[in-house]
Amino acid sequence: QGTRGPARRGKIRGTRPEVTDPGPAAADRVCPLVRRESLGGAYALLTFEHRELAQAKAGQFAMIQPEAPGDLILRRPFSIMDTDPVSGRFTIFLKAVGPGSRTVFDLREGENARVLGPLGRGFSPPREGERVFLAGGGYGVAPFALFSRVLPPGRAALHLFYGGRSAVDLPLIGELERRDIPMTLSTDDGSRGEKGRVTGPLLSALSETAGNARLYACGPGAMMQAVARIAAEREIPCEVSLDPWMGCGVGTCLGCVVKIQEPGEAGPKNRPACTEGPVFDSRRVIWPHGDPA
Amino acid sequence: MSAKSPAAGPSLQVRIGALTLKNPLLAASGTCGYGVEIAHVVDLSTLGGIVTKGLYLAARDGCEVPRIVETPAGLLNAIGLQGVGIRVFVDKFLPQLRAYDTAVIVNVCGETVEEYAEVSRIASEAPGVHALEINISCPNVKTGGIAFGIDPVMTHDVVAAVRRASSLPVIPKLSPNVTDITVFARACEEAGADAISCVNTFLGLAIDVESKKPKLAFGTGGLSGPAIRPLAVRMTWQAARAVKIPIIGIGGIASANDALEFFIAGAAAVQVGTLNFSRPNIYAEIEGGLVDYLTRHELSGIHALSGTLQYPR
Amino acid sequence: MSAKSPAAGPSLQVRIGALTLKNPLLAASGTCGYGVEIAHVVDLSTLGGIVTKGLYLAARDGCEVPRIVETPAGLLNAIGLQGVGIRVFVDKFLPQLRAYDTAVIVNVCGETVEEYAEVSRIASEAPGVHALEINISCPNVKTGGIAFGIDPVMTHDVVAAVRRASSLPVIPKLSPNVTDITVFARACEEAGADAISCVNTFLGLAIDVESKKPKLAFGTGGLSGPAIRPLAVRMTWQAARAVKIPIIGIGGIASANDALEFFIAGAAAVQVGTLNFSRPNIYAEIEGGLVDYLTRHELSGIHALSGTLQYPR
Amino acid sequence: QGTRGPARRGKIRGTRPEVTDPGPAAADRVCPLVRRESLGGAYALLTFEHRELAQAKAGQFAMIQPEAPGDLILRRPFSIMDTDPVSGRFTIFLKAVGPGSRTVFDLREGENARVLGPLGRGFSPPREGERVFLAGGGYGVAPFALFSRVLPPGRAALHLFYGGRSAVDLPLIGELERRDIPMTLSTDDGSRGEKGRVTGPLLSALSETAGNARLYACGPGAMMQAVARIAAEREIPCEVSLDPWMGCGVGTCLGCVVKIQEPGEAGPKNRPACTEGPVFDSRRVIWPHGDPA
């Protein structure tokens, strides 16, 4: 597969503040499932109990498998959707797509899961006064629940663009409204919110925006790539949360590498998304299929 | 070898040539990075040793993704020996590793006999490297790798060259993709190896039927995990009977019981690979199981268990 | 080969040399007895064919028990080719088998080249035998068996001798316990084989750690089941590219998807082994899956799928 | 392992009546678990629904695994403990000893199992007027529940000797009493019934018996071998139900062979217990460890 660099390289501003609290140290824990809520179809919310994991930072994830022995070897990665440090609980938003997510999906309340986490580098906080635009789709919208809650003062200026193929693909609307996150919905078929991709409403919002803005995207690759392109063209700082296939979550299997080119490097390097990401400055990302037309 | 009396509890200490390991449990190459990556998840000092990801002279970027895919009770991988190169390892990671009470074994790779020797020389001169595992069995690179491991003459040449280049214990890692593993075990012994790692991954292929393409970007890959254990135990048993040097058993270990199969088959030590990914803390569990077993069977130490298989013929 | 038009539904008919199978699904040797045992559980007429348990000239009593043990996603067996002998098969079982619309393939065994030839001759003269599968790859007998399958010269001799003794399609069954399966595939083709069965079981060892004895009475055994599928698919792909004669893919097939991997890798037909034990009716499920796949991919028949793997290099 | 022949070969009477109803044809069925009753510890009664299987004969068995995919390949064999042809149900008595029995043990009511059966040749009925003595231990006592119920007139003359290591090893007492089967209990440690092996009370009963007797034994190998020896010495017809490790249940894997020597044969032959047994005339059985002292 040939891989091309980003279309334009604007001046690159260091968008990741030097000191980002890395969150609590990762460890392998056994956590009881205290609450399981079905969101219909293949979607569910799973809330586990664990003090340290309840300290996870927005954008971090965990490698999870049922404690009971099954026929799969590897765990599967799931984002921390939200946490409650007080009660010591954390929640994941899960879509059952295959055997691994299915085994977690099938967990019943009271059963235990092995949870290795919290893992990875999450989203970096926006700067003072920046307008924050979030673009989410699929399970990728999950981490924005926590992210939006923990935002410092600038909070008011936050807006989420939540899109999917159809109305049924927006199962998290209720949860996000409960956290009263300002949202614009969109669906490809127009069955809910505006018709079309999230980038539509995002673009019009950006054009109306005076002053500094910052983008965060998490969802299907094509969507993140489109948002990254918008950011590059406007030279707006943007972070994307990548989700390659992961085997270990701690940087040892090298199964999750993505092509990243840091400033000053001659070319892109394969870097593990589990430890150097999953959140990356979009300008560093060399997308597998080059730029969309 | 100081075998403690059962009273003092069974001893887990083993000798691999000149190298003494405080326990026989090693983290396998390519499944524990350079050790430091997992230091916060598992206490490295509880391991007998760690074997680094394969290292060439220069850094390598490895294969395209997908690089790993799960198969029944197994993992198929084609990473392509992505790595930082021996010098960066020595300068950047080795110093951190030395903080831990565990043996550091460098997994040596090369595209030529000369490169194997040079990487070995550099590793040997670095303080804190305890032994060299010679990777002549990686199925996921286009030049070198497995090619050296499926030809007894080339195997002998590589091992002999490394032997000359280093005074550290030399541990060739055999490929299971051969008709008769004993031929290669003997070639290694004759070339001056101090021990043998048995085995690397089995060449496999998984196909995505919808796209009609291999599931791995590289095409074929190496099969590891519990699926291969019966094959690896058999090869460990064959190799242990063919040579006098110690065998390090590798393949699908997921419990103390699995490890015990390798010891009884003739292994002096074992490595855990794939299971590091899903059970990073498996070592404590295995160590506990070994001690319990040795105590129940009134054995002075794990060394007394090696090769005790009662074979029918 | 009459490839039906997609309108008429995709064709499952395949040709193995002179032999035409109404569908490419065969029951593997040693996993369906002589066919009649399972006739009341699965409708034999739905199978493309059945391959008998291995047959020598004389009856054999096989190994002591335990003969089978489960391993991760696999089955380790050492049956030792217990069987009634070719003559009893021909007299007692073959007549019953002929009642079914399915190809009967005799799995031919021998301790000497002459025995292989003689068993083949007797089988060929019996009405109702459609082809001969030459078992040069059984790991569970002390003489013959795998010995013939891991030496290209002996492989050639056995196949050539059977070729001379019979006018039926000759299908040597390869052992996977070799460094390079293509060497053996070519030896078979040169010796006049009409097709190749790929593969038999992998030599493995499972140990009962409490008794320190092998779990199987015979000691080592042959590993089969889903665990070996990635290795068998790889070998099928290698063999198919090395020779012009058709390959029958075997190893760990447990679903239509698994079978499709073998066809895409280059198999003209496949055999289901171990899964017969737990899923005797798996054939209907696989056949349905194949038809569905061929229809979705607008292929005229299964023959059009063989060897369509898009390999990266 | 050297194997020796039976100690004495008395004249062998054909003890298996020529025509034994083989029961319904075996087939692979999916059966719902309609009732699960724990008997404490690793013991449970599982009742499945299926018309044909409810026609099984005493001593037959089935190969069973959960319908849901798991990490085991082979099914495990379990005796049909009892049947209810009217409601179309059958029950198995299960002891969880390892992974395979555990997966069946863990089935919940409403879940399905794959059941291949009924399989094998069961017990042959006693002759008119014969006194029937049953010796059972472990899960081996299970098939006697059905056997005793379906016995023709001679029923009154039936007596069961049920033994185990300790009281906790006799979990089926309640079930057997419910079928009011005349029983003598025994335990090695004397914690329930007579102290010692089942062969003790069996011997005294035999010595008091005038006229023809017939023995049936099902349980641990040593017990069956001891009963077989008693039968051989007294030239009493005796059937034992063997339980070798089984892979397929239909005679194809040849994993379950036992050494059987039919009259007139030069020596013993390996024969599949799943099709030629599991019930055999004890005089034909060549025990793996020869005769007990």
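Chains here go by letter, A, B, C and D, matching the order in which they are written, and residues are numbered from 1 within each.
We take it that a residue touches a chain if its C-beta (ideal position, glycine included) is under 8 Å from a C-beta of that chain, and two chains touch if they have at least 3 such contacts.
Computed from a predicted model, the values in this text were never measured in an experiment.
Where touching is counted per the definition, chain C and chain D have no chain in common.
Here the spacing of chain A and chain C, counted between their Cα centres, is 49 Å. Centroids of chain A and chain B (each the mean of its C-alpha atoms) stand 36 Å apart. Mean C-alpha position of chain A lies 59 Å from that of chain D. The multi-chain contact residues of chain A, meaning those touching 2 or more other chains, are 71.
Contact with two or more other chains is made by residues 72-74, 217, 225-226 of chain C. If touching chains are joined by edges, the resulting network of the protein chains shown is one closed cycle, each chain touching exactly two neighbours. The full set of touching chain pairs reads A-B, A-D, B-C, C-D. Chain contact summary for the complex, chain B toward chain A: residues 30-33, 37-38, 40-41, 53, 61-62, 64-68, 70, 72-75, 77, 79, 82, 217, 225-226, 274-281. The touching residues of chain A, counted against chain D in their complex, run 69-71. Listing the residues of chain B that touch chain C in their complex gives 71-74, 76, 150, 177-180, 202-207, 209, 211-214, 217-221, 223, 225-231, 233-234, 237, 252, 254, 257, 260-261, 264-265, 293, 308-313.
On chain D, the positions that touch chain C within their shared complex are 1, 25-28, 63, 65, 71-75, 100, 114, 116, 244-245, 247-248, 250-258, 269-270, 275.
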